[in-house]
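The structure under discussion is supplied below as structure tokens; questions concerning it will follow.
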Amino acid sequence: MENLNSYLIVSAVLFSIGTIGVLTRKNAIVIFMCIELMLNAVNLTFVAFSRYLGNLDGQIFVFFIMTVAAAEAAVGLALIIAFFNNKDSIDVTDVNLMKW
Amino acid sequence: MSNVLSLTTFLPILGVLLLLFIPKDSKGVLRNVTLAVTIVTFLVSLTILTGFQTNADFQFTENVPWIAAGPFVMRYNIGIDGISLWLVILTTFIMPIAVLSTFTAVEVKVKEYMICLLLLETGMLGAFISLDLFLFYIFWEVMLIPMYFMIGIWGGKNKIYAAVKFFIYTMVGSLLMLVALIFLYFKGMEAGITDFGLLNFFSLKLDMATQIWLFLAFAFAFAIKVPMFPLHTWLPDAHTEAPTAGSVILAAVLLKMGTYGYVRFAIPLFPEAAHKFAPVIATLAVIGIIYAALVAMVQEDVKKLVAYSSVAHLGFVMLGVFAFNVEGISGGMLQMINHGISTGALFLIVGFIYERRHTRLITDFGGLSKQMPIFATVFMIVTFSSVGLPGTNGFVGEFLILLGAFESQLRWWTIVATSGVILSAVYMLWVFQRVMFGELDNPKNQKLADLNAREIAIMVPLLVMIFFMGLYPKPFIDKMDPAIKKLVAQVRVASVEAKAIPGAEAVQLPAGHPPIDQSQMQMPLPAGHPDIKMASPEQGTPAVNQHDAK
Amino acid sequence: METIFFLIITLVAIISAILVVTCKNPINSALSLIMTFFCLATYYVMLDAPFMAAVQVMVYAGAIMVLMVFTIMLLNIRVDASKKHSHKLIIGSIMGFFTLLDLGYVIVKSRAALPTGPFSGDMIKQLGHTELIGREIFTSFLLPFEITSILLLTAIVGAVILAKKKI
Amino acid sequence: MFDKVWLIPLFPLIGFLINGLFGKKIKNEAIIGAIGTLMIFLSFLVSCGILMQMIGLPAEQRVFEKVLFPWIHSGNFKADMAFLVDPLSVIMIMVVTGVGSLIHLYSIGYMHGEEGFYRFFAYLNLFCMSMLLLVLGSNMLVMFIGWEGVGLCSYLLIGYYFHKKSAGDAAKKAFVMNRVGDFGFLIGLFTLYWWFGSNHNIWTINFVEIKAASHLLPYSGVVTVATLCFFVGATGKSAQIPLFTWLPDAMEGPTPVSALIHAATMVTAGVYMIGRMSFVFVKSPETMMVIAVVGAATAIFAATIGTAQNDIKRVLAYSTVSQLGYMFLAMGVGAFSAGIFHLMTHAFFKACLFLGSGSVIHSMHHALHKIHSNDDAQDMRNMGGLRKAMPITFLTFLVSTIAISGIPGFSGFFSKDEILWQSFSNPYHGNLNILLWVIGALAACLTAFYMFRLVFMTFFGECRINPKAKSYLHESPLVITIPLMVLGALAAVGGYLGMPKLMGMLPNYFEHWLEPVFELANEYGSTYAYHGAHPSHALEWGLMGLSVVIALVGIGIAFTMYVKNTELPGKFVATFPTLHRAVYNKWYVDEIYDYLFVNPCKALGQFLWKGFDVLVIDGVVNGVANVVMGFSGIFRYMQSGYIFNYALSMALGVVVMLSYYLFK
């Protein structure tokens, strides 16, 4: 039975790796995956706390996060496809129509 | 029929609706219809003049619920008294003249121009008649928009800069006023005031600190509009870029909004603060007079010169208003109307020569009086009215202002301001000489046509008013007198009470001012409620000892 | 014994997470992400939340990652050739490092008193985790549950509209 | 007849309206001239009527106030359009209308052929109306209407030849200097009004009421301030020391204008004002001293300049300034009636001199025009020996010159000598009076010198005019010479009205006539006057003789220099070149004024406009606008369009917030 802190440390590490991934990678889909990774890190914290607090709310909340993640993934990928259709690349730096 | 006031104010709006149906390119019809509407408005406003009884309370009042948004209750509360009567008449009097002057001046987008003119008229009239602080603010803003378009679209070379500068200058001031308005309303709510009506704010007793801040906010907004000394730079730009009719109305009526604001709102609402700041404002006014006169002397552009001259004239008005006695304020009110007429006429004259030569530089003219004799006589009469020659309207107002200010605590300021009389003669005559006298050397000047019938028709009413008000100003002064006496009593009573209010920081009248002893009181000191029904003092008191107010 | 197992799983998880970020080929990063999801699932099991682990595997690894892989295949993205070490790499890692620093500090410092809720560890074992969650979801959390279903609906419609060329 | 007094200013007003509005259409010079002259003549008749009626009345009933209509009534301030008829104003209206109608008649001839003929007569009538308003006004405001009205008309008439730039400048200079005087007048008016109102609750500017309340006035203090301000007004209008430079330049206007305005009527407004408010002026000894000193100083100063001028009208202008100095000297020493008497006699002989010089210029101009030479028709150097060509003008000119130089028997002698005597024996200024008398006598000598210099240079010696034009020189037509003859006669005879008591032959009607007006002033004066022994008659005779001798010396010098050996002036100029140049250039007073006032004002105006208005205020306004633009430029980079920047700022936000909470 590991105590709470170790789980939190793991999720912190995963979360920062996810952040680094989002900030450094140029490929849109990899950025998506990193976001998923960050979300899961958060899920882990939720479950860890719910387990140690003996209160299931955390875990239920994880369900909601999952649905959101799913919805986000769907819409995100649709966006990427739409973007790919007219830009033939999913490189994030090409998303610069708004640049003045 | 009590709603003649609303009728006068919103008649131009009906005119606008009428104009909408007229096709864009039939310019002649558009111009004549607008002229007709403005003349009808003038005639309707004359019925107000005839129906006006000379007493101090508000007449033709209408009070209809308008907006009730939560704590804020705004009513359509309008009415005029002696002070705002003549400004309304001046507005309706100037409008037909301004419209008549645009017959040849504006050729492009005539329909929109005429609509702007009529909207402007409604805005101005509304501001003068509204007794509800919020309604006044609404009309105060409505006025800006058409003037902004007139300068911005039909203006001269850098019209955009002038229009934007004019707009932002006034907006900054009015936003400050809005904040003060709302703060005042909350203060009022504590004292049980339910709506924005002006009258119940008169009886509201504010402690000195809040009064100072509120007065400063109001004073700042109106100072920009007057324009007072440091905040005046928008006026020359706005005037040089505005079309003739625009600058006539801007000079004749819009500038009066500032001084009217002081007389109607800033001074009666916050009398102690007004007394406290009177020396400061008087100093600014006097600086304005001398500064504007000196700067006007070296101008090359005639319109800029006339603009600076109106800064100087309005400096006089401010001096008169802050004398807080009947002569000073009635002189100020009279000077407002005179300035409207004489400076309006001056701008029309500049407009005539601009239409002929399309230049405003003084050096381009010279020796016109041989070529255009009628124009020369008209220009001369108006110059002397603007310089304030006795017998013309300028003198009556200026004299009363200086007299009133001399009696009040502003004695040294008056002496400096009186030197402004010399400077105004210098720059006006210098421009008159450089334009009219001298050799007719410039070939372009030799072929200039004299004033045609339309232009003479424009100038005749103004000249008649110049001499009528100069020689027999009694009807004008009598109609104003009761309202001004009530205002003076209100301001004096408050300033005396201010000393009595324990907590309030005592109002130290500047050392020079003799203590307010009985002899200063023109009226027996009314006890209790400052809203006094002032019976105008009976004429024919014995010649030698005027008022035994002891 | 258990801690050793925990350490192994943590090690695997972190390595696969790093792989997700560093691999050039998106497919490899997708697979390593799936590997991370499995480690997480084992964590959930260790935290006496077997149903959670099952759902985790099904939803994330099964559904979302399949979708990701599918999109990668659809768009047959080449390996991003130009690996210019732009300034983003440095800034990104600094930011990541700082987030780690903050979170770590939080974890180490926090002394919050932990009020224990009604469900202790052994209770979950007797009643069965799924039944407990089921009871919780359909009683107190019914409204959020319905809202999430609507959310999913909108997501579906959105995805369809976005991806289709012409409506 | 008294209540018909409002007719007097009304007639010239009607004349002005007719000529002003319809003059262009009438075009016929005779009609326009006739209307103008008739109108002023009618008011002359009315004023004669009033004079006759007043002579019939005993002294105390001679004050009558006629209120026409209420003009400005606001609060305590009451000003009606009201006229005051009393011995002083009757004299003034007689002088104004009398001399005025003669000059109108004269200018019909003189202005013949001018293209702005109707305009000239319209302005001349307007001037007479304003002057009559000034003189008849029963309160200070009506007087002020006249005061500024005459200023306006002098602006219009000086600038009559508006195509000449010099005329325009002279007109503007005259008006501005008058305006400076009006500034003083206004301040004086306010002080008096405020002092009476705030201390005794008498809110009035009416002369009669002020006279009634004048006993309340203290003996100096506020009265000195008020009277000094009024005196500034008087100097502005009557061209005394500080504000006199406009009068010589006013010679740009046609000669009848100079005769009417700058000799007989307008310039005397200041003297009249002091006379009208003598009871206030007397109350402050300091001001009386200032008036006397300034009067004497102006007399001597202007006389020196007059000696070296070559333009015939400039000489007469400076002589007017100097004679006005005498009048102020008389007022300053409390001899009010002597001052007014000199005013009247001066009006006669100075008008006659101006008209005489006008007729000379007229015929010179006519002659030079005939031969198309553009020598200056007014320069004395190309005149000479005109007495044969223009006998009548010469005779009247000579009579007036004798009058002005103070030769016994003529009007000038009586009035000027009375002033000299009064200044010597006045009880107010203690030992100053000897100095005043010496200055007065010196000025009298110089006056005699330059007047006879003028006569000798124009009428005697050989004719220096362009030989070809000599034949065209002939006497001016009758319409010009009749007024000359009338004025010449008045100049000769006028003095006997106010024969000093010493002479004994005739009672001093003039002083007796003005007694009621000034007796209150003399009574106030006597309270602080020095009651020493009244100087003996012998001394009076002696001084009178001395002044006559001085005048004769002046004439002698002029005779030797300009008739006996004409190269003497050349030698004199050679020996004192700098003095001559200084005197010729009017002691550089104009240049000093330009340097002290005009240029600094322009420079200040330029600096204030370009420097303060454009740079500072607009700088601040535009500066604020630019600052806002600058900031918006910076913030614009935040929205760079790269997703990475947005993600980065989000992460940065998280980190910052976290660390803030952690380490707070």
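Order of writing sets the chain letters: A, B, C and D. Residues in each chain are counted from 1.
As a working rule, contacts are C-beta pairs under 8 Å (C-beta built on N, C-alpha and C of every residue); 3 or more make two chains touch, one makes a residue touch a chain.
Bear in mind the structure is a predicted one, so any value in this text is a computation, not a measurement.
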Most centrally placed chain - per-chain CA mean versus overall CA mean: B
Farthest-lying chain, centroid of Cα atoms versus that of subunit A: D
B-D compared against C-D, more contacting pairs: B-D
Mean-CA-position distance for subunit D and subunit B (Å): 37
Geometric centre distance via CA averages, subunit D-subunit C, whole Å: 105
Chain centre separation in whole Å, for subunit C relative to subunit B (CA means): 73
Distance from subunit C to subunit A - Cα centre to Cα centre, in angstrom: 7
Interface hub residues of subunit D, defined as touching at least two other chains: 644, 648, 651
Subunit C residues counted as touching two or more neighbouring chains: 88, 91, 95, 99, 103
Chain contact graph, described as a line, ring, star, complete graph or other shape: other
Chains that touch, pairwise: A-C, A-D, B-D, C-D
Interfacial residue positions of subunit A with respect to subunit C in the complex: 1-2, 5-10, 12-27, 29-30, 32-34, 36-37, 40, 43-44, 47-48, 50-57, 59-60, 62-64, 66-75, 77-82, 84-85, 90-91
Interface residues, subunit C side, partner subunit D - complex: 88, 91, 95, 98-99, 102-103, 105-106, 109
Touching residues on subunit A, where the partner in the complex is subunit D: 19, 22-23, 92-93, 95-100
Subunit C to subunit A touching residues, read off their complex: 2-3, 6, 10, 13-14, 17-18, 20-21, 26, 29-30, 33, 36-37, 40, 43-44, 46-49, 52, 55-56, 59-60, 63-64, 67-68, 71-72, 74-75, 77, 80, 88-89, 91-93, 95-97, 99-100, 103-104, 107-108, 114-121, 132-133, 136-137, 141, 144, 148, 151-152, 154-156, 158-163, 165
Contacting residues of subunit D [partner subunit C, same complex]: 644, 648, 651-652, 654-655, 658-659, 662
